[in-house]
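Order of writing sets the labels: A, B and C. Residues in every chain begin at 1.
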Amino acid sequence: MSSVTSTLFLSLSAPLLALYVAFMVYSQYRFNPRWQALEKRLAPLLSLPHLAVALGLVYLFSPGGMVYSAFAGIIGHAAPDWLGLPRKSLLTMILAISIKEVPFFLLIFSALGRQLAIKDWLLQGRALGYSESASWWLLVFPIMLKQSRLALLAAMAYTLSVLDISLLIGPNIPELYAVALYNWQTGFTSADQANAFLGNLLLLIMLATLITGIYLHEWLVVMRLRTNAVMAKPLNIARLSRVFTAWLGFFSLLTVAILVTFLLWSLGWNSQSTLSSINWSPALWQDEWFFMQGPLLNSLHIAFFSSILGVAITLLALELQQQSQRYLPDYIWLLAILLPQLSMVHGWRIAHSDLSASYTTSWIILTHIPFTFAYSYLVLRGPFQSLNRHYELVAASFGYTYWQRWWQIRFMLLRPALLSALAIAFSVSIAQYIPTLIIGAGRITTITTEAVAIASGNEQSITAVYMLVQAILPFIAFLIASVLAQRIRGSFDATHH
Amino acid sequence: MMWLTSKSAKALGAVKRPTNASGLLTLCFLSLLVLLPFAEVNAQDNPSSEASKRANSQQWQQTLASAQGETVYFYAWGGSKPVNDYLRWAAKEVARRYKIRLRHVKVADISEAVSRLKVENGRNSAIDLLWINGENFNFLKSQHLLLGDLWQQIPNSALLATKKLSLHSDFGVPMDGFEVPWGVGQFNVMANKGLFDHETLTPETLLNAAKQNPGRISYPRPPEFHGTTFLKQLLVALSHDDKRLYESATPTAQNELLPLLWNYLDRLHPLTWQQGKAFPSSNTEQLSLLQQHQLALAVSFNPNQLAKEQSEKRIPDSVERVYFAQGAITNSHNLAVPKGAQNPNGAKVVINFLLSEQAQRQKLKGNWGDPSVITPVLDNASTLPAQQELHSSWQQIIEDSWQQKYGA
Amino acid sequence: MLRIINCHISTDHWRIELPDIFLQSGELLVLTGPSGMGKSTFLHWVLGDTIKHANISGEIHLNDVSLNALSIEKRCIGLLMQDVHLFPHLNVLDNICFALPSSAKDKGGQKLNKNQRKEAAMRLLNKIDMGYVGEHFAEQLSGGERSRVGLIRALANQPKALLMDEPFAALDPQTCAQVSQWAFEQLHTQGVPAIMVSHDINNIPPEAQHLDLAKYYRRIAS
């Protein structure tokens, strides 16, 4: 397969796979006591960075990885290579991205589910003689699929131009398109420059192909399900959903296993070790801590400001739309995450160079804002627009002015949603690689740029240190957000229903 | 932030390097004292005295003075821990001695920095100093994007071992003072003992080793320069050291010589790691695969790397160093300052420090083990028989054809 | 015939002991009572849904088959809610096709193909002179049309009994009267026994049985 077709295949299949798995998980959890547990854990699970999932899978399951070695230890001799996950391949890439995107789609479904009368549809479907899982597929899936177009496109655009993971675990014969394009963009021969220009165009064509793919897939699936509905034929795959009853346990286990693997590596485990011979020591942490402070402070500084500004601009955008009663379509607001990052940032870089602008954190914060804005818009739009107007009406009858009402009612009721938006925006900023690297000229280092630079070397133990820190930062943000949210009483109902 | 760093710095100093630096410093100082009386008398013949004479010149003193307080952004490959550690050490020294902040900007491939310089086109640059050689240097030099006269301005360039090592040109391109050698690379292979019968390897013994250890042989994916050099070594051996490899690559020469390489690779690849469907992205990734016993060999440009890794217990003693029978391809890796650098004085002071005896010795004796380029610290013991670099025109041709044949 | 005997509904605070219910084919039972007294709970229990906020016990027999152990989809009991929940991604015809039993056969005993099923659905619509809405989607229908299509869809499924949860409450009084009158006739001619929960005590058809839950409601002294 050529670079373009394998990249297209990856960008189509991984998000779709994630969507299907997420739907089956959702159908198994939604009307079940397990749902509470899932909703509670969704945010922290969502916060695990892509890079950590990708490298974690390799550290665990590749030949020579932890699980593979443990398995070899049990059966007594080295297991055959094909049993392990290839270190660099399309398969590894598809697995990593689809596993990682499942919580994202669950978040989308959970938001959609609040607006749809799923429970009644299912009841109606069952009263007409269909099983519950058949009702999920025949009645709920077509609607959910249509309403997840933008989310699907966001996931596909991300996969299309993701650089860090492609470099580390993507196949290199041929290399994924993002890598080839990045090499052209950073190449200096005139052929490279011409290729970079055409390459950006091709990337946009690929994006258009993916959009066509989304519509085509949707059309085929809806047609198929409609035929099934008209013929009153329940779906055979419906039974598969039951496998995913254990998803939460599985995913939590995987997350913990990944974090523990990084922790073991950072404390002295290496591929030469047997359990008894390891010399556990925090020396690496002590050594690295000194050099990590700069990148860590940069990460925190950039993420702090870009998330607050991103959320503030989101509120402004929502408020202006509300006041003018003119609503722009979502894809305009979400443009930053629907366009391939690589091309967009390349353009910014040229502008940045033409301005002879400085290489400071302010510029990086500026380049993170479109992304933090897009994600917080995704999170906040629902709560903001579905907020019950009557509360403000009552306040108005007491003589409060518009802005008093806005601040004392609307803002206060939105606080829990704002907190989760902040946490998500924060983790989005922490994980940004391309804009930080390209606009900062590499001078501004963050935990993520350091992690990628180090992961491209052979030091799994130091990589593990940085991966852990990168994974923990968003986790802490979510933890703080949830603790604060719990102290705000009585607002959840107002925002969520 | 300040209290954090200074506190940790103290803790780190206490833990890691209690006496090393101060000891070396005393040593340096003493040797300077010893050399000083001869400086006046024997300036021309003795490189050390020439260096200190230049160091005392008014021009250099001005450079030192204006460099104080500058922050030097050093764009260098960041994929190797020993190199990163070395630069961390150098940063500490430079800060202490010259009040200069040295910031290592880790790049995955230095061509990123080259393309940035092209976009900046001589205007104020993000880059003050870069680690470079080969095609990248050739391009920047031809585009007039580099600061010249470095050899004259930097005192310690008088120490360069120009008589013993070929340091005046880089892949056949004259340096002309636009870059200063920093270290020497010699291409070698770290292989499991028993993989090859001798200390040297040939294409035939490599193919036999691959047959006996299917899936355990690989090389970094070209255009990664270790991978390209691996191919060059094969081409030299397969063409029996054809003289045309050292001249500009004519179409006839390409048609006659390159098929030797492709025919060989066609036989080799099915026997390699993942059947040649993937290659390690870099030599460091290859090394980690060797550590995990996924591969039986890894390539290196550093003749001392194996010894260093083994002393750190990161590679088992069952690995040995071998090299290609025609000799190890040898080249220098160098330091250059962009024309648009915002802190050129600081950059020169840093180069001067990196060429000092102390810094070169630390580079050789420390974890990195990179061979020195200055006369006082030459290390003949670990030096391999050298093989000349190919003419630079072959590089692009080999990389492009490889990409077409195997990379797509 | 639908038979519900020994039925008790209870929570921590109250208890209802229902009289036994017998419904012949085509008969209608109207269930009334103040809100919060378990009318809907009772309906969902008969349907086979899981009941969360109350304890409910009793035996349900449909044509002398005990339903208690069967899941919703096996009970052959139809449901008509206030919002009839025409599935928004299917047009009216497809909604009805969805309800037609998959085993529906033509006169020769052959299973219906796609077109035949659509024709069958169309015939059902034409019978009530609503063929014109066949290609429409739910949001294009008026409230009254939606209720009628809902009932047609429920009956297309050939249920052995039908449960209605205030099915016409959202309609304006005039339409409500028309549609409910029409609906009861349909049920009667098709011979489907039905239970309807209603708020509207004044609008109970004379031929229907009437059960007022308030009569059987007992507070539990705590």
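Odds and ends about this structure:
Definition applied: a contact is a pair of C-beta atoms (placed from the backbone, for glycine too) under 8 Å apart; a residue touches a chain by one contact, two chains touch by 3 or more.
Predicted model only: the values in this text are computed from it and were never measured.
The chains that touch both subunit A and subunit C are none; no such chain exists.
Using the mean of the Cα atoms as each chain's centre, the chain most removed from subunit B is C.
Centroids built from CA atoms put subunit C at 44 Å from subunit A. With centres set at the average Cα position, the gap from subunit A to subunit B is 38 Å. A straight line joining the Cα centres of subunit B and subunit C is 82 Å long.
Note for the complex: subunit C touches subunit A at residues 47-49, 71-74, 76-79, 81, 83, 85, 87-90, 94, 97-102, 104, 114, 117-118, 153-154, 157, 159.
Here subunit A touches subunit C in the complex through residues 117, 120-121, 123-124, 126-132, 138-139, 142-143, 146, 222, 226-227, 229-233, going by the rule given at the top.
Residues 2-3, 63-64, 78, 81, 86-89, 167-168, 171-175, 185-189, 192, 270-272, 286-287, 289-291, 293, 297, 349-350, 353, 356, 359, 441-443, 445, 449-450, 452-454, 456-460, 462 of subunit A are the ones that touch subunit B when the two sit in their complex.
Residues 1, 4-5, 8-9, 11-12, 15-16, 73, 75, 78-81, 88, 103, 105-109, 111-120, 123-124, 126-127, 136, 139, 215, 221, 274, 276-279, 281-282, 284-289, 291-294, 313-314, 316, 406-408 of subunit B touch subunit A in their complex.
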